[in-house]
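In what follows, a single structure is set out as structure tokens and then discussed.
The letters A, B, C, D, E and F name the chains in turn, as written, and every chain counts its residues from 1.
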Amino acid sequence: MRLSRVISLITPHAVAEAHCDLPCGVYDPAQARIEAESVKAICEKYQANEDPEFRTRALIIKEQRSELVKHHLWVLWTDYFKPPHFEKYPQLHALVNEATKLAGASGAKGSADPEVADKLLAKIDEIAKIFWETKQA
Amino acid sequence: MRLSRVISLITPHAVAEAHCDLPCGVYDPAQARIEAESVKAICEKYQANEDPEFRTRALIIKEQRSELVKHHLWVLWTDYFKPPHFEKYPQLHALVNEATKLAGASGAKGSADPEVADKLLAKIDEIAKIFWETKQA
Amino acid sequence: MRLSRVISLITPHAVAEAHCDLPCGVYDPAQARIEAESVKAICEKYQANEDPEFRTRALIIKEQRSELVKHHLWVLWTDYFKPPHFEKYPQLHALVNEATKLAGASGAKGSADPEVADKLLAKIDEIAKIFWETKQA
Amino acid sequence: MRLSRVISLITPHAVAEAHCDLPCGVYDPAQARIEAESVKAICEKYQANEDPEFRTRALIIKEQRSELVKHHLWVLWTDYFKPPHFEKYPQLHALVNEATKLAGASGAKGSADPEVADKLLAKIDEIAKIFWETKQA
Amino acid sequence: MRLSRVISLITPHAVAEAHCDLPCGVYDPAQARIEAESVKAICEKYQANEDPEFRTRALIIKEQRSELVKHHLWVLWTDYFKPPHFEKYPQLHALVNEATKLAGASGAKGSADPEVADKLLAKIDEIAKIFWETKQA
Amino acid sequence: MRLSRVISLITPHAVAEAHCDLPCGVYDPAQARIEAESVKAICEKYQANEDPEFRTRALIIKEQRSELVKHHLWVLWTDYFKPPHFEKYPQLHALVNEATKLAGASGAKGSADPEVADKLLAKIDEIAKIFWETKQA
């Protein structure tokens, strides 16, 4: 079961949270996580298939999905998290910065290794944990 | 708690499911649902605020979010659901068609009424219920 | 001469039909067909050219054009076709579903074979035939 | 009957023509024309409906469709037309430039008057006429 | 004269700097600044023109340009700046976070006041100043 | 030092100029130039690295950056330059047309040769020279 779901079960938070820039007030780290799971699955399929056409397609799509991971994380960082959150979690800036780097050229974009995608997923889960704590507060 | 989460808790399914066109095998109706929740929140904020600038911005963003709902539902319909699913659930074609229409001009795009967004959410939950049943099978 | 044009010549229909989600009332299956013709031409050029840079570019662009085929067909299915159409043409749901699958991973995205593109074009023509019949009625 | 269709009937040209940047060799001025017809229909609906929500949505969508008109015309100008065409049709540069301006702020974007859309359509037809002459040659 | 230009004149740095995620190594805060200047100009034109069509268009375009400001700043934060930069400039995380917030709902997206755009421009200049110092080092 | 900067230093022009289709009045050839510098850097990295994954990624990103070059140049041609400019600079139409072709299939998209990118940069500088002259007038 995915970590964000486990966390969402054991914490009594409201369900819906802002994610567009109205702002509508619906944010959910699941958006970044779903794309990162896709990136990992792409890496696994890439390693298991040596057909050059398939591999080129895998890299094209991995590039797009990794960009979506970055975007969803940037939105949380800018639009959801507020100064009090950064004060309470002094590591939060660096954490999101590292996660977005792990979705970029030095991470999931630049590598087709599923272990790199796993590191990205772990970072997203760290952010999700903080996210859900702040929702609970 | 959102329905797709409740369902995901009471059914022993695998967690990750395809959503890009490699295909990676990671699909999740939560993507459509999160955008639709955003649409509903936008409608509520629209009704509660008569400032013309705010209202114009709300309509701009509602248009984008509704389009994302349509897109995520189309992806499920074309990329996740297969002929055996349509055979087992004969109402599935019409259901997705109605849901996408409810996200369009005759639904959430064409109206700022939260009740219209509620109807869209209900349709998405019907699709999600079938989705999770097929994951379990 | 492309089929949609032949059909348009032998049937006395109005020329302009809705395609945006206002809705403006201008729909035309030619939009999907033009992109699918592009996909076929890309496949032919791919097969005729072994230069790896050219082939990678061909796959990048084929991915984009195939996505546009899917999008234009989805718009017809959701925004143009109405319940009476689905009643009169019970095969219409499956037809559009198959056509969009033929533009995706199990079709034109996943293959650089011009014959796959031909199958996609044939499906689009079946949809276009129904489309123009409904315009005439 | 739209002009490009009339022309396509009376001239013995090949059907498919390049439009992506492989290049695939499939170009068709119908792409710009369909979007411009949409723009015109939006203007007409705008004038006939004073509901502020509807009008805002009309302006949002008109902006997008007008941008597509510009894009399709730019593609013809850069990717399809070659130096010999510009030599044979010395007015062609100015013609496309005026057409794209008519799709922008000083034309269909900046105005909701159907007559402005008509001027845009007329310019597109002038370009289409030249286009089909060059296909024939 | 814009600040980034003044700075670029008085410091002997290399001209080209990474901005895509290859990474290509071409970054330039001018990208964010040009979009923010556009946002400011839109605000000024909005205040000077009470035509409702014009105002709606201004808000549509301001939304897009503000999003581009956010995107360009996010790219600098994730792709250009590295741990040693964050160590040397401990305020850098908060600075970029504030700048992106100033381009969003609580800033240039949510307001048509040119003074809000001025604050955004000032923040971008602070980031640009640090950027050019790091290029020089 | 990049040419547009040198020119901007020796000519007493206003700094900010239109680039969105409000129009906001902020145009700057630097936008096209930054993307073209990126294209050149990508070509150089491509030639220096034989890893197939890296090369595929380089081609994916080069395709996107070249498209942005075309887009920024098209915007200048349609939205900034006016009939009096085309009258004063009779070569301007052909110049922009050649520059956009050099960013497309017969130029930077179709080739990974840094010299092709250099030709593109030189054309952009010719356009920038005219642009700044017209700002000065």
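We adopt the following convention: contacts are C-beta pairs under 8 Å (C-beta built on N, C-alpha and C of every residue); 3 or more make two chains touch, one makes a residue touch a chain.
Chain identities (UniProt): A, B, C, D, E, F = Nickel superoxide dismutase.
None of the values given here were measured: they were computed from a predicted structure.
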Chain labels contacting chain A and also chain D: B, C, E, F
Mutual neighbours - chains that touch chain A and chain F alike: C, E
Taking each chain's C-alpha mean as its centre, the one farthest from chain E: C
Repeat of interface A-F, chosen from B-E, C-D or A-B - more than half of residue-number contact pairs shared: B-E
Inter-chain centre distance, chain A versus chain C - centres from mean C-alpha coordinates, in Å: 34
Per-residue multi-chain contacts in chain B, two or more chains: 21-22, 56-57, 60-61, 63, 109
Pairwise chain contacts under the document criterion: A-B, A-C, A-E, A-F, B-C, B-D, B-E, C-D, C-F, D-E, D-F, E-F
Interface residues, chain E side, partner chain A - complex: 21-23, 63, 67, 70, 74, 77-79, 81, 86, 93-94, 97, 100-101, 104-105, 109
Chain E to chain D touching residues, read off their complex: 52-54, 56-57, 60-61
Contact set on chain D toward chain E in their complex: 55-56, 59-60, 63, 109-110, 112
Interface residues, chain C side, partner chain D - complex: 1-2, 5, 8-9, 15-16, 18-22, 24-26, 28, 30-31, 34, 37-39, 41-42, 45, 57-58, 61, 64-65
